[in-house]
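Two complexes follow with chain A in common, the first pairing it with chain B and the second with chain C.
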Partner chain A sequence: MLTRYLFVARVAARRQWFYRRELFWRSISMILFMVVFIALWKTAYQVSGRSELAGYSLAQVIWYLGMAETVMLSTSRSFVEISEAVKSGSVAYELARPLSYPLLQLARSLGNSAPRFLLNLMVALLVVLLGTGQLVGSVPGLLAFLLTAGLALLLDALFAVLIGLLAFWIEEVMPVYLIYQKLLFSIGGLFLPLEIFPLWLQRAAKWLPFQLIAYTPARAYVAFDVGELVRGVMGQLVYIGVLSGVLWLLWRLVQRRLVVHGG
Partner chain B sequence: MKIWRLISGYVRHNFMAGMAYRGAFFLQIFGMMINNLMLLFFWNMMFLSFPTLNGWELQDIIVLYSIVAVGFGFSVVIFGNASRLASLITSGELDYYLALPADPLVHLLVSRMSLSGWGDFFFGLLLYLFVLPSAWRNLPLFLLLSLLAGLISTAFAVLTGSLAFWLGESEQLAAQLRMALLNFSLYPVDIFSGGVRLLLYTIIPAAFVGSVPAKLLTDFDIWWLAGLILVTALMGGLASWVFRLGLRRYESGNLVTVRG
Partner chain C sequence: MTIIKVDNLTKTFRTVQKRPGVRGSLRSLFKPEYQAIHAVRGLDFEVATGERLAFIGSNGAGKSTTIKMLVGILHPTGGKAEVLGRVPWRERAPLAYQIGTVFGQKSQLWYHLPAADSFELLARIYALDLEEYRARLHYLVEIFDIAEYLHVPVRKLSLGQRMRCEIAASLLHSPRILFLDEPTIGLDVVVKQRIRDLILELNEREGVTIFLTSHDAGDVEVLCKRAMVINHGEIIYDGKVSDLRRNYLQTKTVSLKLAVPWEGFSAQGVRLLKQRGYGVKLEVDTAQTSIEQVIAQLLARYRIADITVDDPPMEEIIAQIYLAQTPLSEEGGAC
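Take a look at the complex of A and B:
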């Protein structure tokens, strides 16, 4: 059974690779993002005369942002495909496949993310290295990053499928996605490591799943710590379980709601 | 005069088409406003740690965000098709506009409205009116500056979209360049050093969409305003010229489409 989904993921990954010119243009986003943030943080540290902020040196903050952005730019956009299939009615054809539709979408989403992730990682390493002139991180940090980034992409794919399925109830899911995306940017720790937040906000953010997608992998890379890693991975697994349950429930509701009028 | 009738007619038509799905329309506006508000969260946190960044404080950033949001919102609401220019060229869909008596560039630009752009527009306006002191007194200047920012961003979208006349499939490139303009315009130009700063005044003119109008609102200078108007006129002229130049290379796609 699993091999079918692996096959779907592999086809999606090969398709992404086939359109590598488009992938290349997308990686420019990474360069733009890093140019802005390297300039911003260099100015901030310079103007304030600080050598560190909440335990992060300038180079560490920049490496953190590069790693968080690598995950962010590789996240799923399957909600677009799902909501369009729902609106056009073509979801009916997908249901005829001998595969579970939500799992099919998850597999496709992860397949799409894999080549993008590798390319983004290479671009990030290059840009950050050129921007800071310093190599931050360690081999265990890199391995921890790869593990937590993989789980983060699965967690994000679950969110994307859930948002896509909302199209059964609301006409336009894009605003929901934009809000989700900005939650990742803000309390997810994409723009700023959580340690920079006021204490009350840090505590609140740590209970929410968004930091598990951006903060956890980036933090694992720049400041590797076994205890933190275990806590992060546990959090990711718990939320993957919770969201899978929600998805299962939502899919049951959807099936009751779906009416197919021939074609 | 005819052109104004065309623009106002399309705006009315597009607005009514959007309102046909009222729920989606308001959800998009509301979603975009929350989206923008959460971007400000970052600056709020940043200024908790660093009270000033090369002369920019939180209040200046709010002015910057207001102008960019109203300007960008205006641009995508009125000229919402600018973002599709590259794909219209490559798929041969320009034919429709070329066969009609109206100016093809203006006609194609206004024939679509981004509904979420209303969210940007209202977000910027409300942010400006309710957060900044003496906002009402400076409202005419604020609206003028936002209009100029919007026109520059529309002209830039036309220029980048027109690349498709020469490069063929270049939707992604055009989209990335438009995104670069928007992204860079939301940051104070003073944080960037020499090379990047020069780029933001020239090839990607983000400084004229964000920092320059924001500075003008807080620290008015008639010469800078004149300069900004001149840049807007030059960008508009250049966009129109490049589009017309590109049209000479355009080959019809012989695409048969039905337009409602």
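Take a look at the complex of A and C:
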């Protein structure tokens, strides 16, 4: 049973190869983004005259950003495909398969993410190494990063499928995604490590799922700590459970009031 | 043996009525006004194993809604249905192994990958035995003559080539019923005929029950023995295609583009519909005169630049059936 979903993921990964031009441009955008932020952070550290901000050295904060971006740029954004299939009605085919539609979409999302993640990781390592001239991180840090990044991508895939399913109710789901994305940017700790925020905001952010996607893996890489890792992974697992439950409920609702568009 | 049984099947959609303007939109948001759309109203029918059934109706008549309920992806508002002894919307997954679907306007093949990849994915999804899958694929590739397109990315195929691959894809798991929703839409005459031949062959070789919806009178005539006509969610005709043909499909339209001026033409059962400059449209009652005769006579008299022969459009046939069934008193005193 599971092998079918694995195969779906494999085909999705293979399909990425056919979008290799898009993959290439994505990595170019990653390089541009990193170059800008390396310059920004260098200026920020110079102006402040300090060698550490919120416990991060200049090199650490740039490595943090590189790893956080690696995860962020590897997310599958499968809500685009789902909402388009709903709008055009071609969702009918996939609904008629002897598979669970939400699981099919999750498998596909992860399959889409895998090759992107590998490419982004290589580009990020190279750009950050050249930009900082310093190798930050450790082998346990890298392993912890791989584990938490994998869970983070699953968590994001759950969010993306949930947002995609909203297309059965609302015509345009992009605004919902944009809100989600901005939450990842801000209290998710994509641009700034959470430690830089005021304490009350840090506390609030730690209870929310958004920091589990970018902050948790990036933090695990630059400042590996077993206790922190365990807490991070636990948080990810709990939210994966919660979102799976929400997805299951939402899917039941969809089935009950499903409208398939077009002829 | 009965393979599909439908009893008083009903589907009503509820949509929010949009009011015009910004104020209207705001009011719709907070105080929505719903409008009920009765897509399907109380269908009753049965389909026997191996039957080839055409399900005809104009746009929005409820054809697709019915198919979607029969394959289990839509829940009905009321009524019952059994497909292969199962209630489709309750046992969608187990039923999915035994039915195939082709939606002519949608694709199930991965756009950027060769069809072979989609086939393999489907084989996994339907948990086919690898050996059996290979044999089945070989067989379908042969019948559908798609060997040369199998490894070409789907986006590079013509619509006709793609459609053959689409139908082959829905037959990989050897379904017992094939639901075809407008399978020949947008195809040219030659390809249409090819697709029809293939469907017929499958029905004869494997006894697959064919449940077809189409806009094309030709599809119905060639493919099906029985036709059901649905209008505004109700069945208004259920009978033999041969009867349908005798009663409603006996006229054809001949459109001509002449190279010389029109000087009139008369033959039994031929009526002038329209004439404008060098363009002429005739209606031929084939019960009285055959198309061959009419064309031969026309060719003998005129130099002709272009000629096409068409079946009456499905909408017209449906309108005729509808009118024939409606007693005159309900026509509101029309003359």
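Keep this in mind: the second predicted complex is superposed on the first by the 257 of 263 C-alpha atoms of A that agree within 3 Å, B and C clash if a C-alpha of one lies under 4 Å from a C-alpha of the other, contacts with A are read in each partner's own complex, and residues count from 1 in each chain.
FYI, a contact is a pair of C-beta atoms (placed from the backbone, for glycine too) under 8 Å apart; a residue touches a chain by one contact, two chains touch by 3 or more.
Just so you know, these numbers come straight off a predicted model, no measurement behind them.
**Q** Could you tell me if A:Trp169 is touching chain B, chain C, both of them or neither one (first, second, both, neither)?
**A** neither
**Q** What is the contact status of A:Leu178 with respect to chain B (first) and chain C (second): first, second, both, or neither?
**A** Only chain B; A:Leu178 stays clear of chain C.
**Q** Go through the superposed model and pick first if A:Ser88 touches only chain B, second if only chain C, both, or neither.
**A** Only chain C; A:Ser88 stays clear of chain B.
**Q** Using the touch definition from the top, say if A:Leu192 reaches chain B (first), chain C (second), both or neither.
**A** Only chain B; A:Leu192 stays clear of chain C.
**Q** So, does A:Trp248 touch the first partner chain B, the second partner chain C, both, or neither?
**A** A:Trp248: touches no partner chain.
**Q** Under the stated contact criterion, what part of chain B meets chain A in this complex?
**A** So the residues of chain B touching chain A come out as 21, 23-24, 27-28, 30-32, 34-35, 38-39, 41-42, 45-46, 48-50, 52-54, 116, 172-173, 175-176, 179-180, 183-184, 187, 190-193, 196.
**Q** Tell me, which parts of chain A touch chain C in their complex?
**A** So the residues of chain A in touch with chain C come to 3-4, 7-8, 11, 14-15, 18-19, 88-90, 92-93, 95-99, 255-256, 258-260, 262-263.
**Q** So in the complex, which bits of chain C are touching chain A?
**A** Result: residues 13, 59, 64, 68, 71-75, 92-94, 96-97, 99, 101, 103, 105-108, 110, 112-113, 117, 120-121, 124-127, 153, 181-182 of chain C touch chain A.
**Q** Taking the complex as given, what residues does chain A use to touch chain B?
**A** Interface residues on the chain A side: 21-22, 25-26, 28-29, 32-33, 35-36, 39-40, 43-44, 47-48, 53-54, 170-172, 174-176, 178-179, 181-183, 185-186, 191-192, 196-198.
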